[in-house]
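Below you'll find the structures, each written out as structure tokens.
Next come two complexes, and both contain subunit A; in the first it sits with subunit B, in the second with subunit C.
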Partner chain A sequence: MPASSKHKTLAKSLLGLSLDEHGHIVESKVKEILSSLKDSKISGLRSLLRYFYTEVRLHEYTYHAIAEIGCKDDPSITNSIIQKLEASVGKNIRLTITENPKIISGCRIRLKDDVYEDTVSNRLHKLEKSFH
Partner chain B sequence: MSSITDLIRKEIENLSTDATRTNVGTITTLADGVAKVEGLSKVMFNEMVEFPNNILGIALNLEEDSVGCVLLGDTSSLKEGDEVRTTGKLLSVPVGKEMLGRVVDAVGSPIDDKGAINAEQSSPVEKIAPGIIPRKSVDQPLQTGIMAVDSMVPIGRGQRELIIGDRSTGKTTIAIDTIINQAKINKQGEKSGDPDFRAVYCIYVAVGQKNSNIARTIKILEEAGALEYVIIVSAPAADNPANQYLAPYSGCAMGEWFMENGMDALIVYDDLSKHAVAYRQISLILKRPSGREAYPGDVFYLHSRLLERSARLNEHSGNGSLTALPIIETQMGDVSGYIPTNVISITDGQIFLETDLFNKGIRPAVSVGLSVSRVGSAAQIKAYKKVAGKVKLELAQFRELAAFSQFESDLDASTKARLDRGARIVEMFKQGAYSPIPVEVQTAIMWGIQNDFFDSISVQDIGRAVQSLKEYLSTQGKEACEEIYSTGKLEDSTVQKLRVALDDWKRTFA
Partner chain C sequence: MEQEREKVLKEAREEIASLVILTTTKVLQKDLSDDEKSRFSKSAIDSLKLSN
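Now for the complex of A and B:
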């Protein structure tokens, strides 16, 4: 088995050790894994860490939604978005909301590789495209 | 003014206001027209993806944690971290008769400053070739107007005939001559008002060529009045490799439209060696495993899936055809190279051009021994078949005897006669660039040489004699040629007229 494949498999196992019962990454567990890796003097540590970083980052996308809204943040909006996302995805979701005046009005949510969008700027973009 | 507001109102009414769900990714690396994208988990192979600033790309490499995309167009505005979206569509190019007379890039956008193209239809760039059932045998000729080709390696509508040779041996000239001849035939046919006449529309795909060469080709076609029947797809050497890779498929999609709509089309790929090099560049940047000469393993499939799309369809499928003339450049005349052997095995024959013949002044420098058409005389009109049947054999025998006779001082009468005939045929086949000869005139000239009309003329004067006969046949001897053109046969009465005409010409030729 090539070293890169070995490191990929190992990184996946390490990710499994970093999760809590909801499948969320626990910061303290990650820190613990990193310190033990540092002490272990394993060969190809840099490559393993790179794979571990990618795994952690990609896994975080699966439950960490980023929402952009055109207006000021409101707890009722946050709760409503979380409820709807959890209902559609079927697991606990962590949400970060940012204000983006460029979208004019509406909401744009990115969860994993999917973007759910209902914004005025998107509608205007579609209209612009239809004229070409 | 009201019409503009109406248009805007209509567009707004038709606009979907539903929330959209898009699959996205992020650019992680960007180099040489290829982007590695993280995300895009639902992207499909060969799907069109959208980068910022309306830049398009195609997903070519679907890996475990990333997607390799080739970028089309100017990529200077893109950077790492930019968002990429899937479109759910395959890359399409505009198709139809509106494209004729235009110069477009690899994605079908005009680059000739003649304004927008109002094509109503578009077609996917990658398509599966027609299967066996809708196909039909090639039996209709596609006249190139080049005597050496039409007589010895006849090309039929729907055939794939490779033009192969070293650099500067006249490969592009043969293709351009063929296009010019189609335009001439189209004009003649349209003028005649014959309802059965089938025009041949042409597509010229320039891959990896210098911009100056492409501009020269356009000028030649324009001057010959052929541009109105031609679509030029340009992906010059200065273009990124993705466009060079895509251009032949785009051109093929345009040609296929004619075929699928019951028309005849001719496509020239100039050239597929550079196309393979562009694909090699993309594959190496995408980190695909490389094989022989660093080409990826699927370089055969690259050309086979392209050339298989050229076909002759049967009556049930519209009776259309797409003839392909791919061009391959060899190094030092070596036809056993990787890409040349691949394309030779895919096509239905090849026209091999020899540097030595070219340098000797024998132009077009068609090598008799190495050139072949696997369709053969099925793609010749009856009259031409009758007069050109033996010419390839005679010329091959001449080349063989000429090599041996160098060491012989005393030759027997039959060898001498064969050498004389061969030398005359070689001279007869010499033809200037961009001056195709109509098939009926070719038939008359060939008939003349087969019936010993040129035997009393010295070999050096054959070229002058052929020119004089061509002029004579376009004026006084017109009647016999017109009969060949209309019937396609060499009846006894036509032969009689030809004999009278050539006797008359012979008296005037000094």
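Now for the complex of A and C:
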């Protein structure tokens, strides 16, 4: 087996060791793995780290949602978004939520390659386009 | 002549529409209360249709 294939397989195994019971990446576990790798004499460490980094990024991408809202966050908003997303994708979601005054009001949610949006700014933008 | 008139009118309509939208945006950004923003945001979240 070529070294790159070995590293890819090992990177996937390391990812598995980095997850909690919900399948979410745990930062402390990743740090522990990186520390162990640093101390090891494994050949092609740079290549392995690159594959591991890619695996972590790709995996996080599948459950980490980014939401922008046009008001101050409160627990009911966070819970509503998480519930809707989890019902849609059928697994636990990690949510990062930020207030964005530019959207005026409403919400824009990104998960994986999908963007769900209902904002005042987007409605106005569509209205403007309809005049052209 | 008629074509030129239509073109000018179309440009004027688009310009006015852009100004109206710009003004509306500024007014809404300034005048919507926190409560109104929160109500619309919650309603927007509730009505979002997410695909599987």
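Note that the second predicted complex is superposed on the first by the 120 of 132 C-alpha atoms of A that agree within 3 Å, B and C clash if a C-alpha of one lies under 4 Å from a C-alpha of the other, contacts with A are read in each partner's own complex, and residues count from 1 in each chain.
To be clear about the criterion, contacts are C-beta pairs under 8 Å (C-beta built on N, C-alpha and C of every residue); 3 or more make two chains touch, one makes a residue touch a chain.
Worth saying up front: this structure is predicted, and the values here are computed from it rather than measured.
Contacts of A:Lys112 after superposition on the shared chain: subunit B is touched, whereas subunit C is not. Once the two complexes are laid over each other on the shared chain, residue contacts for A:Thr98 go to neither subunit B nor subunit C.
Look at A:Leu58: by the touch rule set out above, it reaches subunit B but stays clear of subunit C. Look at A:Ser4: by the touch rule set out above, it reaches neither subunit B nor subunit C.
Set against each other, subunit B and subunit C touch different numbers of residues in subunit A, with C touching more. Once chain A of one complex is fitted onto chain A of the other, the partner contacts of A:Lys126 are limited to subunit B, with no touch recorded for subunit C. Comparing which residues of subunit A touch subunit B with which touch subunit C, the overlap comprises 114, 116, 118, 127, 131.
Partner subunit C is touched in their complex by these residues of subunit A: 69-72, 74, 76-77, 80-81, 84-85, 87-90, 101, 104-107, 109, 114, 116, 118-121, 124-125, 127-128, 131-132. On the side of subunit B, the complex with subunit A involves touching residues 11-12, 14-25, 38-42, 65, 85. Subunit A makes touch with subunit B in their complex at residues 54, 58, 110, 112-118, 122-123, 126-127, 130-131. If you check the complex, the residues on subunit C that touch subunit A are 13-14, 17-18, 21, 24-25, 28-29, 32, 34, 36-38, 40-42, 44-52.
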